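Multiple structures follow.
Two complexes come next, and they have one chain in common, chain A, joined by chain B in the first and chain C in the second.
So, the complex of A and B:
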């Protein structure tokens, strides 16, 4: 079924964002006594800090506080997985952009002027800028620059390769991609006049951030509140702490609210990026095309600090096992190394799409060598819904993978391109598949809660700890509540992202929709019973005759009590219902590896390649998704299409290369993201065979759309030109040179 | 003349810049000399350049588009005169452009983004070697320049060689090119709002072909290639590729892949102007 935008589909929240009326944390210039913060960043990628002298800065006009490492009240370290990143560096900087000092002043220009007179003496150190040789270099942390090494094995890979008739081996490279969210990192820290701090920031996990910030600020957890305000995009780039520690320290020092908002230059320089991956992949099959053996050796550059690197490595390797395909034996290993190349961390896809790019390219390479249709090769090797996952774990699909493949095969994009493309364009269509799991996976603690209540004003209030960074969770929740209670959107208030509210866990790993659906399925019937009980007591009507509906409680087809009346006359405080649930994992007794809830996508791409310049234009993308039930169509479309555009950027233009640890792009005029003119026509199909009785009919689709885009585009380029690109982003010059070589050979 | 400090931007925190607003072009020249200041009009190139380098000028001389001859188009016996402070968006809307330079209106969609086209001026684009400079070079436009010694009109290419620091570009005159065949091609990194890798202009004036390129390797009139093409009179010849490659390489276009693209783009554009497509 094709999911099409419908008139009126987008709610008011969407329009507010499109029209620029939505208020973000970084818009809070109206706060009384607001100070502006700025952070001094390292000019060197790697250096000893010999001296940081702030004496002149403290005398600058408007300056209220200048802080350095010595002023961090608590733990001068943060990091979701490994707390290895200094809030303010003590004696060493490890990347260009490392924070050294921070200033609060009356105006942002005063704060930045003060930064310029902070005297810093550096003693430059050898820069570790090559991931390949990082382990031989002097360590940035501890004993070695090898942060993590992980391997997944299944069967006897050597023996399986020995039986292969056809083996392909290629090197793949993926870029250091930037999130390029509309709203750069920012927010405000507000002293609560009781020794604590309230943060209103764009972030992805209010509760987790509150824990880290309490440690940094030397406060009790109860003294730190994080309000994860709606954010202009995050995509993983705000999962880690950004400006919060510096803003919090300055707020405590000055007793005033402190706003820090990075400009685009600072965001480019200091924000985390997608891990660049270099990998060699070897895959073999028998004469019939059955894949027997698969080997992966990967190297991920995590930059100066761990951030979520170890988890990214795990998810990369999980996807590198080719989870959609039945492979007799594999050996998949990866190393994660520290370098002075910025910091890499969470990014939509979370390592999985880098692996899928290579895996799907390998499938095409095998098919070519076998002279077999790539889709037929996939069909032969696809898992069935009854088979375990690639790591032997129980998995739960929402449709048979073969059906998703068949739908891709029926895409209209396989028809020849229209004649409007002139003779200079070479056109081609290609496809790729991808799988994406929901949840943190691998047995990590993963749970989340939510709350429903009737407010004193008669509003149905839903509370979750998730952050809204553009996916418009509030409207998705509203849709589910209206569907269950029969009420209308105007009856509902949704409160998100407050660390004082229910802890839903991080807004990441495509887990929000699953947990929201699960929690609502638990609390809404109970809440409905509760209000019907109260309404029965107030009206004297039998409870069984009462049901909730638009604006209030109904009986016999007419409203007998509004929600406001119920709140005024009843006991709304007794309608507060909390629930928390563990993220769905495989049934007890199964090994907690990988992810239980699985989604699939097939992306069919049609491209035009400029014969004259090698430039690639993606004209169409057709996504066949199997991701459970659609609860909020605009959100579903937005996630799949938006993620696909990010995948397109990764495939064609986006990269943040470094030289001696310095980024070679510093703003969006140098770092090339797709514009709307680069966005192809897109079609999103939904394939859902989930039975109505399924306990987990709703899945999270925040990352699915990016999974197969890059390999589909490269497959289409190959169909158009005969040239397979294995290093991203696609280099038009390389493609042109190959085209010229082809022409010379032919002539 | 008015003199004001620019408003401080609370977000970008740019330093205060003294913006001088002269009453006349002559006064603008005088102030530019006095303060060693740059002229500014749309500011779309100066702003990101200074912001990137964190090197803000102390003083700018703001130009006024209401000064006679500085804005708008005027068709006359010598051709089409374009005021330097005409915005790129305004240029694209002009009916006279469709008469004189039919491919340009469409091409302007690929120059910068809508916001920049609204503010950015034709003169600014020429001065920084932007997308229009290759076309101006190939058309042999004459520029109208004011400086402390007076006013003068001279070929664009000569002005680039002789330009003085206080030269103020009032406008330029395109020869009457109605009936000429003109092709333009831009190679960027994406479909729109892309940094230019190369912009190639190919003009056939009914007698001879003229070629110019701007972009990563700088602005260049492809004299040797023109000579080769015009003398051979075989506009679609593949041999032209080797000539243009040598010429580009000799003038600082170091990226071999980019030169390869320009060879093929040139052949295509030559074919278009030869065939009149």
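So, the complex of A and C:
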């Protein structure tokens, strides 16, 4: 079924967003007494800090506070997995974005001018700028630059390779992609009147951030509030703390609200990126094309601090096992190393799409060697819905993988492109598949809660801790509540992303929709019973004859009490129902590895390659998704389309290379993300075979769309040119040289 | 943090222009950007500093009817001119048409880039009304959006194009 946006389903806050009055954290310029903060960053990728002298800066006009490591009231460290990153560096800097000091002043210009006169003496250290040799270099932390090494194995891989008829081995490289959210990192820290701090900052996990900030600021957790919404884009890049620690310290020092908003230069220099992965993949099959053996050896550059690197490595390896395919034996291993190349961490796809790029390319390579149709090779190796996942865990798909493949085979994009394209441009169509799990996975603690209540004004209020960065969570919640209670959108208020409200856990790992559905299924029937009890007492009607509906409670087809009347006459304070639940994982007794709830996508790409320049134009993308029920169609469509174009960028133009630990791009003129002119027409077809009896009919689709785009594009490039690109982003110069070589061979 | 060291600012000059129908007069260095004047005025949040090098389009405003990036226009260039932002366009029929198309086609997610896109589209529609051949997809090429992949925006532009071809 082709997914249409269903015009008219405009979401909450849409007009405010269009009219520029939505109240992003970085728009809070007019708080009384607002000061502006700025952060001094390291000049070196790796150096000892010998001296930080702020005495001249303190005398600069308008300056209200200058802080260094000595001024951090609590723990001078943060990090989601390992708290290894200094808020303000004490004696050493490990990347060019490391923070050394921070200033609060009356104006931004004054704050930045003060940074210029902070005297810092550095003693440069050898820069670890090659992941390949990082382990032989002097360690950034502890004993070694090897932060993590992990391996997943099944069966006897050597023995299985010995039986293979065909083996392909290739090296793959994926880029250091930047999130490039349009709102750069920023927000405001506001001292409350009781020694605590309120943060209004674009971020992804208000509760977790509040815990870390309390430790940093030396406060009790109850003294820190994070209002995590709205956020102008995140994609994983605001999962870790950004400007909050510096803003909080300055706010406590000055007793005034402090706004810090990084400009794009500083955002590029300091922000987290996607892990670049260098990997060798070896895959073998028998004469019939059954894949018997698979080996992966990968190296991930995590940069100067751990951030979510170890979790990214796990998800990378999970996807490197080729979870869609039945493989007799595999051995996948990866190393995660510290370098001075910035910091890598969470990014939509979370290591998975890097692995899928290589896995799907390997499948195509096997098919070519066997002279077999790549889709047929996929078909005979795809898992069925009844089989366990690649790591032996119980999994729940929402449709058989073979259906998702078959739909891709029927795509209209396999028809040859129009002749107008075929003169200067070489055209071709290719495809790839991808699997994507929901949730944090691998036995990590994962739970989330939500709340429903009737407000004193008679509104049905739903509260969740998730951040709103435009992924239409409020709309999805509204749709589900209307469906369950029979009410209308106008009855409902949705409150998101406040650490004083229920803790839903991080807004990441495609987990929000799953938890929202699960929590609502728990709390709404209980809430409904509660209001019907109250309505029964007020109206004298039996509870069983009452049901909620548009605007109020109904009996016998007519409204007997509005929600407002119920709130005024009843006890709305007793309608507050909270619940939290564990994220769905494999049932008891099964291995708590990998991810239980699984989604799939097939992406078909049609490209045109310019014979004159080697430039690749993606002319069409067609996605087939099996990811459970569609709750809010425009949101679902937007997630798939948006993620796919992020994948297109990663495939064709996006990379943040480094030299000597310095990024080679510092703004959006050098780091190229897709524009309107670069994007193809897209079509999304949804396979929703989820049985109504399924306990988990709703899945999260925030990451699914990026999964298969890059390998599908490279498959299409190969169909057009015969050239397989295994290093991303695709280098037009390389393609052109190969095309020229082909023509010379032909002529 | 910028790419180059900034020279000392020039002495302030008085800059007077019309902003959304009101006359604004300020003493600023002539090299101050229009973006900084607008955000510093306390009246405008729709123009946003996404890159400050004219690349992202998040600060797009109308200057004398033309869509310009506010970060590349300097105070001395604005003097005597007319500046419009979405805050002042709420009743404008072109803006209303654009706003409705963006909303009904879900052409936005986080919405941070959206006012700039709306301004570019208003400018494009006005040029079309003046008889110019303007491709609305080209009109928003200078506006980066990272969330949507431009899918909803393409659909909104199709709606606008259909509407303008009917009139």
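Criterion: the second predicted complex is superposed on the first by the 738 of 747 C-alpha atoms of A that agree within 3 Å, B and C clash if a C-alpha of one lies under 4 Å from a C-alpha of the other, contacts with A are read in each partner's own complex, and residues count from 1 in each chain.
Methods note: contacts are C-beta pairs under 8 Å (C-beta built on N, C-alpha and C of every residue); 3 or more make two chains touch, one makes a residue touch a chain.
Because the structure is a prediction, the values reported are computed rather than measured.
Of the two partner chains, both chain B and chain C are touched by A:263. In the overlay built on the shared chain, the residue A:677 is in contact with chain B and with chain C. Chain A has more of its residues touched by C than by the other of chain B and chain C.
By the touch criterion defined above, A:183 lies against chain C but remains apart from chain B after alignment on the C-alpha atoms of chain A. By the touch criterion defined above, A:17 lies against chain C but remains apart from chain B after alignment on the C-alpha atoms of chain A.
Of the two partner chains placed by superposition, chain B and chain C are both touched by A:669.
In the superposed pair of complexes, A:634 makes contact with chain C only, with no contact to chain B.
By the document's definition of touching, of the two partners only chain B reaches A:424; chain C does not. In the superposition on chain A, A:159 makes contact with neither chain B nor chain C. Touching of chain A by both chain B and chain C, each in its own complex, is seen for residues 29, 112, 261, 263, 265, 666-667, 669, 674-675, 677. Partner chain C is touched in their complex by these residues of chain A: 5, 7-11, 13-22, 24, 26-27, 29-30, 41, 112, 179-184, 230-233, 235, 261-266, 269, 469-472, 634-635, 637-638, 641-646, 648, 666-669, 673-677, 679, 681-682. Across the interface of their complex, chain B is touched by residues 29, 36, 38, 107-109, 111-112, 261, 263, 265, 424, 611-615, 617, 652-653, 666-667, 669-670, 672, 674-675, 677-678, 731-734, 736-737, 740 of chain A. Those residues of chain C whose C-beta lies close enough to touch chain A in the complex are 1-3, 39, 42, 44-53, 55-56, 58, 85-87, 90, 99, 102-106, 108-115, 118, 137-138, 140-155, 159.
Listing the residues of chain B that touch chain A in their complex gives 8, 10-15, 48, 51-52, 113, 187, 189-195, 255-258, 260-261, 264-265, 268.
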